[in-house]
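Two complexes follow with chain A in common, the first pairing it with chain B and the second with chain C.
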Partner chain A sequence: MRGRWRWLLPLSAIPFLALLGFGLTRNPQFFPTPLIGQPAPVWTLQALDGDSLSLEELKDKVVVLNFWASWCIPCRAEHPVLMQAARTWPDEDVAIIGMVYDDTERNAERFLARMGNDWRHMLDPGSRTAIDYGVHGVPETFFVGRGGVVAYKHIGPLTWDVMKTKIDSLLAVPR
Partner chain B sequence: MTHRRRMRRAALALAVAVLAGLPGTLAAQEPMQPAEPDPDSTLTDPRAAALDAEAADIAAQLRCPVCSGQSVLESNSDIAQQMQEVIRERLGEGQSERQILAYFRGSYGDWIILTPRPTGISLLVYVLPALALLGGIVWVIVAVRRWSAPPSAPGSGGTEASDSRADSDTVSDDLSAEDEAWLRQSIGGS
Partner chain C sequence: MINLIGTVAITAAWLGAASLAVLGLTAGFRRSEPLLRGAKYAAGFVFASMVAAVGAMEYALLTHDFSVEYVAQVGSLETPPYYTAISLWSSLEGSILFWGFILASYTAVVVWVQRRSHSRLLPFALGTLGVVGMFFYGLVATVANPFGVVSPVPANGPGPNPLLQNHPLMGLHPPLLYLGYVGLAVPFAFAIAALLSGKVDEEWIRTIRRWTITPWAFLSLGIVAGAWWSYEVLGWGGYWAWDPVENASFLPWLTATAFLHSVMVQERRGMLKTWNLTLIIGTFLLSLFGTFLTRSGVLDSVHAFTEGFIGPLFLGFIVFITLISLTLIAWRADRLHSPGTLDGVVSRESSFILNNLLFAAFTFTVLLGTTFPLIIEAINGDRISVGPPYFNMVSVPLGLLLLFLMGVGPALPWRRTSGEKLRRTFLPPVLAGVAAAGLAFVLGIRAVYPLITFAFAAFVMTTIVEEFAKGIGARRRISNVGPLRALGQLLVRNNRRYGGYIVHVGIVVIVVALSISGTWRFEREATLNRGQEMVIGHYTLRFDSVSAWREPHRDVVAATFSARRGDTDVGTVVPSTNFYRQDARASEPIATPAVRSFIDEDLYLTLMSFDPSGAHATVRVIVNPGVPWLWIGGMIIGLGAILSVAPQRRSALVRMVTARSEGS
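Our next item is the complex of A and B:
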């Protein structure tokens, strides 16, 4: 590699560096979901308290679908945010639904008894609903607008900012 | 003349070796073969065995959502096991492989498919290696031609020699005597 070919080697490093730069600055926790703008996968499930509930019954409300588990540490961190949301918006506007992910009933109940519980929690045997929603891990939260279309997905623990902006924007949509 | 022929032969052997190694590398990139179906469910019913094999084949094409770089078939995680259950259930309902893969793509996106589809930016995965291979072959051919050109003795006769001299005035002319001696020695020329 002499003479006029000398620039070739350093130059060939540029695309590799560009690719590395692109790859390393992306958030590996972020998985784009194809569900945004699509009808939320329907479900009819048994709640932790024994009643049955379906997504259909909630179609006039903004639905916050929160996948969680008692073994999940970040779920502990976001729990107060859900508590505050349950207090802030009346039940006829916003339905907060916990989806118990890969957990036992007993452990889920113990978690809620300790952390507080103001909303409904559904049992998802075999994680069928979690797979319908393309859940990678917990916590993951789907915001479903009135009419049942998925508007946002939040991966990781919820913050009050996220909760408030998303719910407000969905409530602002006229019925 | 003999050393030139010998060099040509060495270069040819090298090229053959490189090309022969190719199928092995390509095969290594193929998705994992499905494992043996679960013996518990196949003891009695041959139809169940066929279903399990088909389910394993689909599971091998899906990326496990909670583990990095494993397929749903390979993974022991709960979610992967549950996904295998979903696959079996849907096969039992008479769904085709295509329908089941479409279902998983619908919930997890193209991400869930282990083999990238040859569209958009993923197309590079298929095109770049082919281009690199082509470039490498061209490079080898050019290099071999230069190496097998006679040393820069003017008027050494032969049309072949003058041909190669025409396109070699950049590299082989400024190859130092030292380099050339080394090159010849390492190839085995006298």
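Our next item is the complex of A and C:
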């Protein structure tokens, strides 16, 4: 390996490195879920504050269904994003719904008392609703458009960018 | 408080690594002793800082200090102390911290072992280790800082991923693998040192060999321990699935193994210099690639470890290291040109070169299979996966050829040989191979690959026995001692060579076990009522009861089966299902198989489902012939590797004599 040919050695690595770079551009958190484009599984649940609510009642709004738990660290990280979302969009356009996942009522209330609470949280005994939605772990968030069709699923902590683009795109759909 | 101590220690380690890099490289270029001494102090300082950082993290874990971000992520009050201690490597930030700690330890050991060396290589090598360290400590200090502050302090945490706290081997497998991966930074550093100084000599070979065998041995043991862990924990009765993460550990193993052989050709014949440098640098790059794969989620879509900037930063580092080192090789290629040429087509060096070609082909096919889904997606966006059929199809023939060469290479003399000598050396092994295959055939085995495997295995074992017999004979002639004593002397005085043969024995054992378990494993799934029996092979199982109990961190439901092997009662086998609490994955129970090992095979039970009243249970029973020998083979490899890195104690006389008995 002498002469000019030797420079082929470093050059040959470039396509491979480029391939790895391409690998990073894909969203590893993208999981195809069969729910996208399908009607969101319906539920009627008791809220943390004692009232009962069903998904039916929200069908004129964009719904953000956020599965969380008090023991989940990334949920703490995304909490401010949800707080900001609750402040940004009026209740009659966007309903943010917390789904308490595998947690006790007391711990969930304590978490909310500390971290702030501007939206409703549903109790999901036996994780039945979580199973209907195919939740792997928390946090996971489903964006349901007006009319009750699941539009997006986000795995892991929400960022403001994700929140804003998804909600804006769903609000842009005419009623 | 711990947050602060940890962050300060990490920052100190980064500063130390930066000084190590600057001092080491400058000392190398200027040939300055005082600067080298400074670099050594810097290495010591980095080590001390990393000890402090890991110590702080362990303290935080064990005292459940949930104000520390990492502890809040993986700790819980209920997790038993052993699993709390080892949760250091159960998640991303902790494992990078641990990576850094091992790197600092290796660097310190290099300084200690080479403390009397006046080599031109040492300062460059230390400087290179400093550069590598800067990246890892930098990661820990910034984007992967495990010491972040959580406020308000949670009362409890979720505990580690249930799969990672379900078996004690978790305390062994990751550290071994990391000691392998990270240790490969040392030979890499010496390779870069050789390129920077333009000096590839005897001392370089000696140094780099020793610093490659050690991580190679850890990597081998880590791979075997990983297979064992997945066998004991995952419940599907297998031990290797060609998963990208498994391949990631196998790839550097392949190239490091190739290097350990080809460097001997360089030692004896002065050939293959550029090739060897490329191999060892490639090995480190593959180990980085492995860490990248497992830590960035490029190929593996399990979501826990993928967030943040770590992926791009890691890739940037890989690009940097790859381009710098390959450019250095190209730049030095002229100076490294080897004077030696092949004398005979049938010689040890030619068999080693063939061995290297096969290892390179093996590496390429595994790498191709691992990255193929990515290539396809880059080209047309399709998502595909490459599974075990591809890997088995390509790796079995390559593995068998390598097995065959393992018998040929060591038995051939260097340079050239005569036909007569060849006949004398290879007649017994060939006969043994034919006999083994014939015996297997008579016993009713008709599968082609196992027949070839047995033939080659007998062939290799016979050549190894021949080598030992030759060595023992020579020693007895010199020192007039009994055969056992002679064997002992052989192992102590010529540990490198005979340690290598012992490693070969371990590999043969593993290959035979793989072939047997791959061919003759069988399984049955059955639902049994209480007291009902099932028969599988020559085992009879009776379902006795279901019992449940509560442990601090989990609920366990276990089914008891009484087992008979033939007419012999072999006691009870108790597979269980564990429900971990306080965790995102708590809804998914973790099945823990029960493995009953015999000398020839394993009886492997996984509890699939059970009736809470204990009336019936569904169990998957696998009979896994040969599997216990995988772990035994792994231990033999470990023994051989320890023997061959042990410091050599050879008097001038012995050296002369062994040189003669090595047939040169």
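Please note the rule applied: the second predicted complex is superposed on the first by the 144 of 175 C-alpha atoms of A that agree within 3 Å, B and C clash if a C-alpha of one lies under 4 Å from a C-alpha of the other, contacts with A are read in each partner's own complex, and residues count from 1 in each chain.
The rule is short, and it goes like this: a contact is a pair of C-beta atoms (placed from the backbone, for glycine too) under 8 Å apart; a residue touches a chain by one contact, two chains touch by 3 or more.
Computed from a predicted structure; not experimentally measured.
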item	value
Which superposed partner A:114 touches (first chain B, second chain C, both, neither)	second
Partner chain(s) touched by A:35 [first = chain B, second = chain C, both, neither]	first
Chain touching more of chain A, residue-wise (chain B, chain C)	C
Partner chain(s) touched by A:137 [first = chain B, second = chain C, both, neither]	both
Touched partner set for A:128, first chain B, second chain C, both or neither	first
Partner chain(s) touched by A:20 [first = chain B, second = chain C, both, neither]	second
Partner chain(s) touched by A:156 [first = chain B, second = chain C, both, neither]	second
Touching partner for A:10 - first (chain B), second (chain C), both, neither	second
Residues on chain A lying within both footprints (that of chain B and that of chain C)	2, 31, 102, 127, 130-131, 136-137
Of all residues in chain A, those that touch chain B in their complex	2-5, 31-35, 38, 41, 102, 126-128, 130-137
Chain B - residues contacting chain A, complex	65-66, 78-79, 82-83, 85-86, 104-109, 111-112, 170-171, 174
Residue ranges of chain C in contact with chain A within the complex	69, 72-73, 150, 152, 154, 156-158, 274, 278, 289, 292, 296-299, 301, 303, 306-307, 311-312, 315, 318-319, 322-323, 326-327, 329-330, 333-334, 337, 371, 374-375, 377-378, 582-587
Sites on chain A touched by chain C in the complex	1-2, 6-7, 9-10, 13, 16-17, 19-24, 26, 28-29, 31, 69-73, 76, 101-102, 114, 127, 130-131, 136-138, 155-157
